[in-house]
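Here it is: the structure, laid out below.
Just so it is clear, A, B and C label the chains in written order, and each chain counts residues from 1 on its own.
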Amino acid sequence: MRQASTTLGFDTPGRGLIDITAAVDEWLRATGVQEGVLTLLCRHTSASLLIQENAAREVRSDLMAWLEQVAPEGDHYRHDDEGPDDMPAHLRATLTGVTLQIPVLRGRMRLGAWQGIYLAEHRRRPHHREVAVHLMGE
Amino acid sequence: MRQASTTLGFDTPGRGLIDITAAVDEWLRATGVQEGVLTLLCRHTSASLLIQENAAREVRSDLMAWLEQVAPEGDHYRHDDEGPDDMPAHLRATLTGVTLQIPVLRGRMRLGAWQGIYLAEHRRRPHHREVAVHLMGE
Amino acid sequence: MRQASTTLGFDTPGRGLIDITAAVDEWLRATGVQEGVLTLLCRHTSASLLIQENAAREVRSDLMAWLEQVAPEGDHYRHDDEGPDDMPAHLRATLTGVTLQIPVLRGRMRLGAWQGIYLAEHRRRPHHREVAVHLMGE
(Lines give C-alpha, C1' and ligand atoms only; values in the text may rest on other atoms or scores of the structure.)
Protein backbone atom coordinates (compact mmCIF):
# COMPACT_ATOMS: atom_id res chain seq x y z
CA MET A 1 0.00 0.00 0.00
CA ARG A 2 1.33 3.44 -0.82
CA GLN A 3 0.11 7.02 -1.09
CA ALA A 4 0.68 10.13 -3.17
CA SER A 5 -0.20 13.79 -2.64
CA THR A 6 -0.28 16.83 -4.87
CA THR A 7 -1.90 20.21 -5.39
CA LEU A 8 -3.70 20.97 -8.63
CA GLY A 9 -4.10 24.66 -9.50
CA PHE A 10 -6.80 26.15 -11.72
CA ASP A 11 -7.34 29.69 -13.00
CA THR A 12 -11.06 30.34 -13.15
CA PRO A 13 -12.62 32.92 -15.52
CA GLY A 14 -15.16 33.94 -12.87
CA ARG A 15 -18.47 32.34 -11.97
CA GLY A 16 -19.00 28.93 -13.52
CA LEU A 17 -18.17 25.24 -13.50
CA ILE A 18 -14.75 24.03 -14.65
CA ASP A 19 -14.36 20.40 -15.63
CA ILE A 20 -11.26 19.14 -13.78
CA THR A 21 -11.81 15.43 -14.50
CA ALA A 22 -9.00 15.18 -17.06
CA ALA A 23 -6.48 16.92 -14.79
CA VAL A 24 -7.28 14.57 -11.90
CA ASP A 25 -7.24 11.53 -14.18
CA GLU A 26 -3.87 12.47 -15.67
CA TRP A 27 -2.29 12.73 -12.23
CA LEU A 28 -3.92 9.46 -11.13
CA ARG A 29 -2.54 7.57 -14.15
CA ALA A 30 0.96 8.88 -13.53
CA THR A 31 0.93 7.32 -10.05
CA GLY A 32 0.29 3.85 -11.49
CA VAL A 33 -2.07 3.00 -8.61
CA GLN A 34 -4.62 0.40 -9.73
CA GLU A 35 -6.96 0.13 -6.74
CA GLY A 36 -7.48 2.73 -4.04
CA VAL A 37 -9.31 5.87 -3.03
CA LEU A 38 -8.81 9.45 -4.16
CA THR A 39 -9.58 12.44 -1.92
CA LEU A 40 -10.04 16.00 -3.20
CA LEU A 41 -10.27 19.15 -1.07
CA CYS A 42 -10.99 22.60 -2.49
CA ARG A 43 -8.88 24.90 -0.31
CA HIS A 44 -11.25 27.88 -0.52
CA THR A 45 -14.50 29.08 1.03
CA SER A 46 -16.09 30.67 -2.06
CA ALA A 47 -15.36 27.88 -4.53
CA SER A 48 -16.37 24.23 -4.23
CA LEU A 49 -16.28 20.75 -5.77
CA LEU A 50 -19.10 18.66 -7.18
CA ILE A 51 -19.75 15.70 -9.45
CA GLN A 52 -22.37 16.24 -12.17
CA GLU A 53 -23.40 15.63 -15.76
CA ASN A 54 -20.52 15.88 -18.22
CA ALA A 55 -22.51 15.83 -21.47
CA ALA A 56 -25.35 18.36 -21.70
CA ARG A 57 -23.97 21.87 -21.24
CA GLU A 58 -27.42 23.13 -20.22
CA VAL A 59 -27.24 21.13 -17.00
CA ARG A 60 -24.33 23.27 -15.89
CA SER A 61 -25.96 26.60 -16.76
CA ASP A 62 -29.22 25.53 -15.11
CA LEU A 63 -27.27 24.44 -12.03
CA MET A 64 -25.48 27.77 -11.70
CA ALA A 65 -28.76 29.66 -12.28
CA TRP A 66 -30.42 27.60 -9.55
CA LEU A 67 -27.59 28.31 -7.09
CA GLU A 68 -28.01 32.03 -7.82
CA GLN A 69 -31.68 31.72 -6.95
CA VAL A 70 -31.28 29.58 -3.81
CA ALA A 71 -28.51 31.79 -2.40
CA PRO A 72 -29.14 35.14 -4.09
CA GLU A 73 -27.09 38.29 -3.99
CA GLY A 74 -28.72 41.05 -1.96
CA ASP A 75 -28.18 43.65 0.74
CA HIS A 76 -29.53 41.45 3.54
CA TYR A 77 -26.15 39.92 4.46
CA ARG A 78 -24.04 41.23 7.32
CA HIS A 79 -20.85 40.03 5.61
CA ASP A 80 -20.16 42.06 2.47
CA ASP A 81 -16.48 42.96 2.86
CA GLU A 82 -15.65 41.91 -0.67
CA GLY A 83 -18.83 42.94 -2.45
CA PRO A 84 -22.34 41.63 -3.10
CA ASP A 85 -21.12 38.32 -4.57
CA ASP A 86 -19.05 37.49 -1.48
CA MET A 87 -21.55 36.00 0.98
CA PRO A 88 -23.64 34.21 -1.68
CA ALA A 89 -20.39 32.56 -2.79
CA HIS A 90 -19.84 31.20 0.74
CA LEU A 91 -23.41 29.87 0.81
CA ARG A 92 -23.19 28.18 -2.58
CA ALA A 93 -19.86 26.63 -1.60
CA THR A 94 -21.47 25.30 1.59
CA LEU A 95 -24.43 23.83 -0.29
CA THR A 96 -22.23 22.00 -2.79
CA GLY A 97 -19.33 21.14 -0.45
CA VAL A 98 -15.54 21.24 -0.71
CA THR A 99 -14.50 17.60 -0.34
CA LEU A 100 -14.97 14.57 -2.59
CA GLN A 101 -13.64 11.05 -2.47
CA ILE A 102 -13.67 8.67 -5.37
CA PRO A 103 -12.92 4.94 -5.44
CA VAL A 104 -10.28 3.83 -7.97
CA LEU A 105 -10.25 0.45 -9.72
CA ARG A 106 -8.14 -0.88 -12.60
CA GLY A 107 -6.30 2.44 -12.60
CA ARG A 108 -9.41 4.53 -13.26
CA MET A 109 -11.80 6.57 -11.12
CA ARG A 110 -15.06 4.71 -10.69
CA LEU A 111 -17.19 7.62 -11.95
CA GLY A 112 -20.35 6.80 -13.89
CA ALA A 113 -20.40 7.28 -17.66
CA TRP A 114 -22.09 10.68 -17.36
CA GLN A 115 -20.20 11.99 -14.35
CA GLY A 116 -17.50 14.64 -14.39
CA ILE A 117 -15.69 16.40 -11.53
CA TYR A 118 -16.28 20.13 -11.44
CA LEU A 119 -14.60 22.99 -9.64
CA ALA A 120 -17.35 25.53 -9.01
CA GLU A 121 -16.22 29.16 -8.97
CA HIS A 122 -18.81 31.22 -7.10
CA ARG A 123 -17.13 34.64 -7.25
CA ARG A 124 -17.80 36.93 -10.22
CA ARG A 125 -14.15 37.66 -10.93
CA PRO A 126 -11.35 35.27 -11.99
CA HIS A 127 -9.49 33.51 -9.18
CA HIS A 128 -6.62 31.09 -8.80
CA ARG A 129 -7.94 28.02 -6.98
CA GLU A 130 -6.09 25.10 -5.42
CA VAL A 131 -7.36 21.55 -5.00
CA ALA A 132 -5.44 19.35 -2.55
CA VAL A 133 -5.32 15.77 -3.86
CA HIS A 134 -4.49 12.57 -1.99
CA LEU A 135 -4.40 9.00 -3.22
CA MET A 136 -4.02 5.81 -1.23
CA GLY A 137 -3.88 2.37 -2.82
CA GLU A 138 -1.62 -0.05 -4.61
CA MET B 1 -3.54 -3.18 5.51
CA ARG B 2 -5.73 -4.37 2.67
CA GLN B 3 -8.58 -3.16 0.51
CA ALA B 4 -11.72 -4.45 -1.15
CA SER B 5 -13.95 -3.06 -3.91
CA THR B 6 -17.40 -3.89 -5.19
CA THR B 7 -20.46 -2.49 -6.92
CA LEU B 8 -23.84 -2.67 -5.23
CA GLY B 9 -26.87 -2.44 -7.54
CA PHE B 10 -30.33 -1.24 -6.56
CA ASP B 11 -33.60 -1.13 -8.47
CA THR B 12 -35.52 1.96 -7.41
CA PRO B 13 -39.33 2.22 -7.67
CA GLY B 14 -39.07 5.87 -8.70
CA ARG B 15 -38.71 8.97 -6.53
CA GLY B 16 -37.91 8.21 -2.91
CA LEU B 17 -35.28 7.16 -0.38
CA ILE B 18 -34.05 3.57 -0.28
CA ASP B 19 -32.33 2.33 2.86
CA ILE B 20 -29.10 0.64 1.71
CA THR B 21 -27.53 0.31 5.17
CA ALA B 22 -28.08 -3.44 5.43
CA ALA B 23 -26.64 -4.12 1.97
CA VAL B 24 -23.49 -2.11 2.77
CA ASP B 25 -23.18 -3.71 6.19
CA GLU B 26 -23.53 -7.22 4.82
CA TRP B 27 -20.70 -6.64 2.33
CA LEU B 28 -18.55 -5.02 5.02
CA ARG B 29 -18.95 -7.99 7.38
CA ALA B 30 -18.02 -10.44 4.63
CA THR B 31 -14.66 -8.67 4.21
CA GLY B 32 -13.75 -9.28 7.85
CA VAL B 33 -12.11 -5.84 8.10
CA GLN B 34 -12.22 -4.57 11.70
CA GLU B 35 -10.86 -1.02 11.43
CA GLY B 36 -10.83 1.12 8.33
CA VAL B 37 -12.75 3.52 6.15
CA LEU B 38 -15.55 2.86 3.70
CA THR B 39 -16.15 5.01 0.61
CA LEU B 40 -19.40 5.07 -1.38
CA LEU B 41 -19.96 6.74 -4.76
CA CYS B 42 -23.35 6.90 -6.47
CA ARG B 43 -22.45 6.56 -10.17
CA HIS B 44 -25.34 8.73 -11.43
CA THR B 45 -26.23 12.41 -11.77
CA SER B 46 -29.95 12.21 -10.92
CA ALA B 47 -29.65 9.97 -7.86
CA SER B 48 -27.58 10.61 -4.73
CA LEU B 49 -26.46 9.36 -1.32
CA LEU B 50 -27.19 10.71 2.13
CA ILE B 51 -27.18 9.72 5.77
CA GLN B 52 -30.37 10.48 7.71
CA GLU B 53 -32.87 9.33 10.32
CA ASN B 54 -33.64 5.60 10.12
CA ALA B 55 -36.60 5.50 12.52
CA ALA B 56 -39.40 7.99 11.82
CA ARG B 57 -40.73 7.44 8.30
CA GLU B 58 -42.10 11.00 8.23
CA VAL B 59 -38.57 12.41 8.19
CA ARG B 60 -38.02 10.80 4.79
CA SER B 61 -41.30 12.01 3.28
CA ASP B 62 -40.74 15.53 4.65
CA LEU B 63 -37.20 15.47 3.24
CA MET B 64 -38.35 14.48 -0.24
CA ALA B 65 -41.16 17.10 -0.12
CA TRP B 66 -38.61 19.75 0.86
CA LEU B 67 -36.29 18.81 -2.01
CA GLU B 68 -39.24 19.15 -4.39
CA GLN B 69 -39.85 22.63 -3.07
CA VAL B 70 -36.21 23.81 -3.06
CA ALA B 71 -35.55 22.47 -6.57
CA PRO B 72 -39.02 22.41 -8.13
CA GLU B 73 -40.12 21.08 -11.47
CA GLY B 74 -41.04 23.80 -13.94
CA ASP B 75 -40.58 25.10 -17.47
CA HIS B 76 -37.80 27.52 -16.54
CA TYR B 77 -34.94 25.06 -17.15
CA ARG B 78 -32.98 24.99 -20.39
CA HIS B 79 -32.22 21.28 -19.93
CA ASP B 80 -35.38 19.20 -20.29
CA ASP B 81 -34.29 16.43 -22.68
CA GLU B 82 -35.76 13.74 -20.50
CA GLY B 83 -38.85 15.52 -19.19
CA PRO B 84 -39.78 17.95 -16.42
CA ASP B 85 -38.29 15.80 -13.65
CA ASP B 86 -34.87 15.67 -15.31
CA MET B 87 -33.19 18.94 -14.31
CA PRO B 88 -34.71 19.06 -10.79
CA ALA B 89 -33.23 15.57 -10.30
CA HIS B 90 -29.75 16.90 -11.13
CA LEU B 91 -30.22 19.79 -8.69
CA ARG B 92 -31.44 17.58 -5.84
CA ALA B 93 -28.55 15.18 -6.44
CA THR B 94 -26.13 18.12 -6.27
CA LEU B 95 -27.64 19.43 -3.03
CA THR B 96 -27.40 16.06 -1.30
CA GLY B 97 -24.18 14.81 -2.93
CA VAL B 98 -22.99 11.52 -4.40
CA THR B 99 -20.08 10.49 -2.17
CA LEU B 100 -19.96 9.35 1.45
CA GLN B 101 -17.18 7.94 3.59
CA ILE B 102 -17.73 6.17 6.86
CA PRO B 103 -15.18 5.11 9.49
CA VAL B 104 -15.27 1.44 10.48
CA LEU B 105 -14.38 0.11 13.94
CA ARG B 106 -14.76 -3.34 15.50
CA GLY B 107 -16.11 -4.54 12.16
CA ARG B 108 -19.03 -2.10 12.12
CA MET B 109 -19.70 1.25 10.47
CA ARG B 110 -19.48 4.04 13.03
CA LEU B 111 -22.95 5.41 12.24
CA GLY B 112 -24.97 6.89 15.07
CA ALA B 113 -27.89 4.93 16.52
CA TRP B 114 -30.43 6.85 14.40
CA GLN B 115 -28.44 7.05 11.20
CA GLY B 116 -29.10 5.04 8.04
CA ILE B 117 -27.53 5.28 4.58
CA TYR B 118 -30.00 6.19 1.86
CA LEU B 119 -29.87 6.06 -1.91
CA ALA B 120 -32.05 8.95 -3.08
CA GLU B 121 -33.83 8.41 -6.38
CA HIS B 122 -34.80 11.77 -7.82
CA ARG B 123 -36.38 10.63 -11.11
CA ARG B 124 -40.09 9.83 -11.22
CA ARG B 125 -39.65 6.47 -12.91
CA PRO B 126 -37.87 3.33 -11.69
CA HIS B 127 -34.14 3.12 -12.42
CA HIS B 128 -31.30 0.69 -11.87
CA ARG B 129 -28.64 2.47 -9.81
CA GLU B 130 -25.06 1.49 -9.00
CA VAL B 131 -23.07 2.41 -5.94
CA ALA B 132 -19.29 1.92 -6.17
CA VAL B 133 -17.93 0.76 -2.80
CA HIS B 134 -14.35 0.75 -1.54
CA LEU B 135 -12.96 -0.35 1.82
CA MET B 136 -9.48 0.08 3.20
CA GLY B 137 -8.40 -1.25 6.57
CA GLU B 138 -7.27 -4.35 8.39
CA MET C 1 0.92 2.44 6.79
CA ARG C 2 -1.14 2.60 9.96
CA GLN C 3 -4.45 3.92 11.20
CA ALA C 4 -5.98 5.51 14.27
CA SER C 5 -9.58 6.00 15.40
CA THR C 6 -11.25 8.10 18.07
CA THR C 7 -14.46 9.85 19.04
CA LEU C 8 -14.46 13.57 19.75
CA GLY C 9 -17.33 14.86 21.89
CA PHE C 10 -18.68 18.40 21.91
CA ASP C 11 -21.31 20.10 24.06
CA THR C 12 -23.20 22.59 21.92
CA PRO C 13 -24.98 25.64 23.38
CA GLY C 14 -27.85 25.25 20.92
CA ARG C 15 -28.13 26.41 17.33
CA GLY C 16 -24.86 27.64 15.85
CA LEU C 17 -21.47 26.74 14.41
CA ILE C 18 -18.73 25.39 16.66
CA ASP C 19 -15.14 25.55 15.44
CA ILE C 20 -13.68 22.07 16.00
CA THR C 21 -10.51 22.60 13.95
CA ALA C 22 -8.21 22.83 16.97
CA ALA C 23 -9.62 19.68 18.57
CA VAL C 24 -9.14 17.69 15.37
CA ASP C 25 -5.67 19.12 14.83
CA GLU C 26 -4.58 18.31 18.38
CA TRP C 27 -5.59 14.67 17.96
CA LEU C 28 -3.93 14.49 14.54
CA ARG C 29 -0.62 15.81 15.90
CA ALA C 30 -0.65 13.30 18.74
CA THR C 31 -0.76 10.44 16.21
CA GLY C 32 2.45 11.61 14.57
CA VAL C 33 1.12 10.73 11.11
CA GLN C 34 2.78 12.92 8.45
CA GLU C 35 0.92 11.99 5.27
CA GLY C 36 -2.55 10.48 5.03
CA VAL C 37 -6.24 11.15 5.00
CA LEU C 38 -8.58 12.07 7.83
CA THR C 39 -12.28 11.11 7.86
CA LEU C 40 -14.91 12.74 10.08
CA LEU C 41 -18.48 11.53 10.62
CA CYS C 42 -21.05 13.44 12.69
CA ARG C 43 -23.06 10.67 14.35
CA HIS C 44 -26.34 12.60 14.43
CA THR C 45 -29.19 13.52 12.09
CA SER C 46 -29.88 17.05 13.34
CA ALA C 47 -26.26 18.27 13.50
CA SER C 48 -23.72 18.30 10.67
CA LEU C 49 -20.17 19.08 9.58
CA LEU C 50 -18.90 21.72 7.17
CA ILE C 51 -15.77 23.59 6.20
CA GLN C 52 -16.10 27.37 5.97
CA GLU C 53 -14.52 30.76 6.64
CA ASN C 54 -12.64 30.92 9.94
CA ALA C 55 -12.03 34.67 10.09
CA ALA C 56 -15.12 36.88 9.61
CA ARG C 57 -17.71 36.01 12.24
CA GLU C 58 -20.48 37.48 10.07
CA VAL C 59 -20.05 34.66 7.56
CA ARG C 60 -21.18 32.20 10.21
CA SER C 61 -24.21 34.22 11.32
CA ASP C 62 -25.22 34.84 7.69
CA LEU C 63 -24.83 31.14 6.98
CA MET C 64 -27.05 30.11 9.87
CA ALA C 65 -29.63 32.76 8.91
CA TRP C 66 -29.65 31.45 5.34
CA LEU C 67 -30.19 27.87 6.51
CA GLU C 68 -33.14 29.07 8.60
CA GLN C 69 -34.61 30.64 5.48
CA VAL C 70 -33.95 27.72 3.09
CA ALA C 71 -35.32 25.13 5.54
CA PRO C 72 -37.67 27.17 7.73
CA GLU C 73 -39.56 26.15 10.81
CA GLY C 74 -43.30 25.82 10.23
CA ASP C 75 -46.36 23.66 10.73
CA HIS C 76 -46.16 22.08 7.27
CA TYR C 77 -43.99 19.13 8.33
CA ARG C 78 -45.45 15.72 9.12
CA HIS C 79 -42.55 14.96 11.48
CA ASP C 80 -42.70 17.17 14.58
CA ASP C 81 -42.24 14.70 17.41
CA GLU C 82 -39.63 16.83 19.09
CA GLY C 83 -40.96 20.29 18.33
CA PRO C 84 -40.92 22.84 15.48
CA ASP C 85 -37.12 22.91 15.23
CA ASP C 86 -36.90 19.13 14.72
CA MET C 87 -37.60 18.59 11.03
CA PRO C 88 -35.82 21.79 9.87
CA ALA C 89 -32.76 20.49 11.74
CA HIS C 90 -32.85 17.25 9.71
CA LEU C 91 -33.12 19.27 6.48
CA ARG C 92 -30.25 21.62 7.34
CA ALA C 93 -28.09 18.63 8.32
CA THR C 94 -28.88 17.00 4.97
CA LEU C 95 -28.02 20.15 3.03
CA THR C 96 -24.65 20.57 4.73
CA GLY C 97 -23.79 16.86 5.16
CA VAL C 98 -22.33 14.74 7.95
CA THR C 99 -19.06 13.43 6.51
CA LEU C 100 -15.80 15.17 5.62
CA GLN C 101 -12.42 13.88 4.56
CA ILE C 102 -9.27 15.94 4.62
CA PRO C 103 -5.85 15.14 3.16
CA VAL C 104 -2.91 15.40 5.59
CA LEU C 105 0.62 16.39 4.60
CA ARG C 106 3.69 17.20 6.71
CA GLY C 107 1.62 16.39 9.77
CA ARG C 108 -1.03 19.04 9.07
CA MET C 109 -4.49 19.05 7.53
CA ARG C 110 -4.34 20.55 4.05
CA LEU C 111 -7.05 23.15 4.77
CA GLY C 112 -6.77 26.52 3.06
CA ALA C 113 -5.66 29.53 5.09
CA TRP C 114 -9.26 30.69 5.64
CA GLN C 115 -10.85 27.31 6.21
CA GLY C 116 -12.03 25.94 9.53
CA ILE C 117 -13.98 22.78 10.37
CA TYR C 118 -17.36 23.45 11.95
CA LEU C 119 -19.82 21.29 13.81
CA ALA C 120 -23.23 22.76 12.99
CA GLU C 121 -25.85 22.40 15.71
CA HIS C 122 -29.30 22.76 14.16
CA ARG C 123 -31.45 22.16 17.26
CA ARG C 124 -32.40 25.11 19.47
CA ARG C 125 -31.34 23.48 22.70
CA PRO C 126 -27.89 22.34 23.85
CA HIS C 127 -26.87 18.82 22.83
CA HIS C 128 -23.92 16.52 23.31
CA ARG C 129 -22.60 15.59 19.87
CA GLU C 130 -20.09 12.95 18.81
CA VAL C 131 -17.79 13.05 15.81
CA ALA C 132 -16.23 9.73 14.76
CA VAL C 133 -12.68 10.31 13.52
CA HIS C 134 -10.46 8.02 11.47
CA LEU C 135 -6.94 8.57 10.18
CA MET C 136 -4.94 6.46 7.76
CA GLY C 137 -1.38 7.28 6.77
CA GLU C 138 2.23 7.04 7.86
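Note that a residue touches a chain if its C-beta (ideal position, glycine included) is under 8 Å from a C-beta of that chain, and two chains touch if they have at least 3 such contacts.
Every value quoted in this text rests on a predicted model; they were computed, and no experiment measured them.
> For the identical-sequence pair subunit A and subunit B, what's the CA-based rotation angle in degrees, nearest 5?
Rotation angle between the two copies comes out at 120 degrees.
> Are the interface residues of subunit B and subunit C largely the same numbers on each copy, more than half shared, or largely different?
Subunit B vs subunit C: different; shared/all numbers falls short of half.
> I'd like the Å distance between the centres of subunit B and subunit C, where a centre is the mean of that chain's Cα atoms.
That gives a centre separation of 20 Å.
> Indicate the residues of subunit C shared as contacts by at least two other chains.
1, 37, 70, 95, 97, 101, 136
> Could you pull out which subunit C residues touch subunit B in their complex?
Spelled out, the residues of subunit C in touch with subunit B are 1-3, 5, 37, 39, 41, 43-45, 70-71, 77-79, 81, 87, 90-91, 93-95, 97-99, 101, 130, 132-134, 136.
> Using the touch definition from the top, list the residues of subunit A that touch subunit B in their complex.
1, 35-37, 50-53, 56, 58-59, 61-63, 66, 70, 95-97, 100-105, 110-112, 114-115, 136-138
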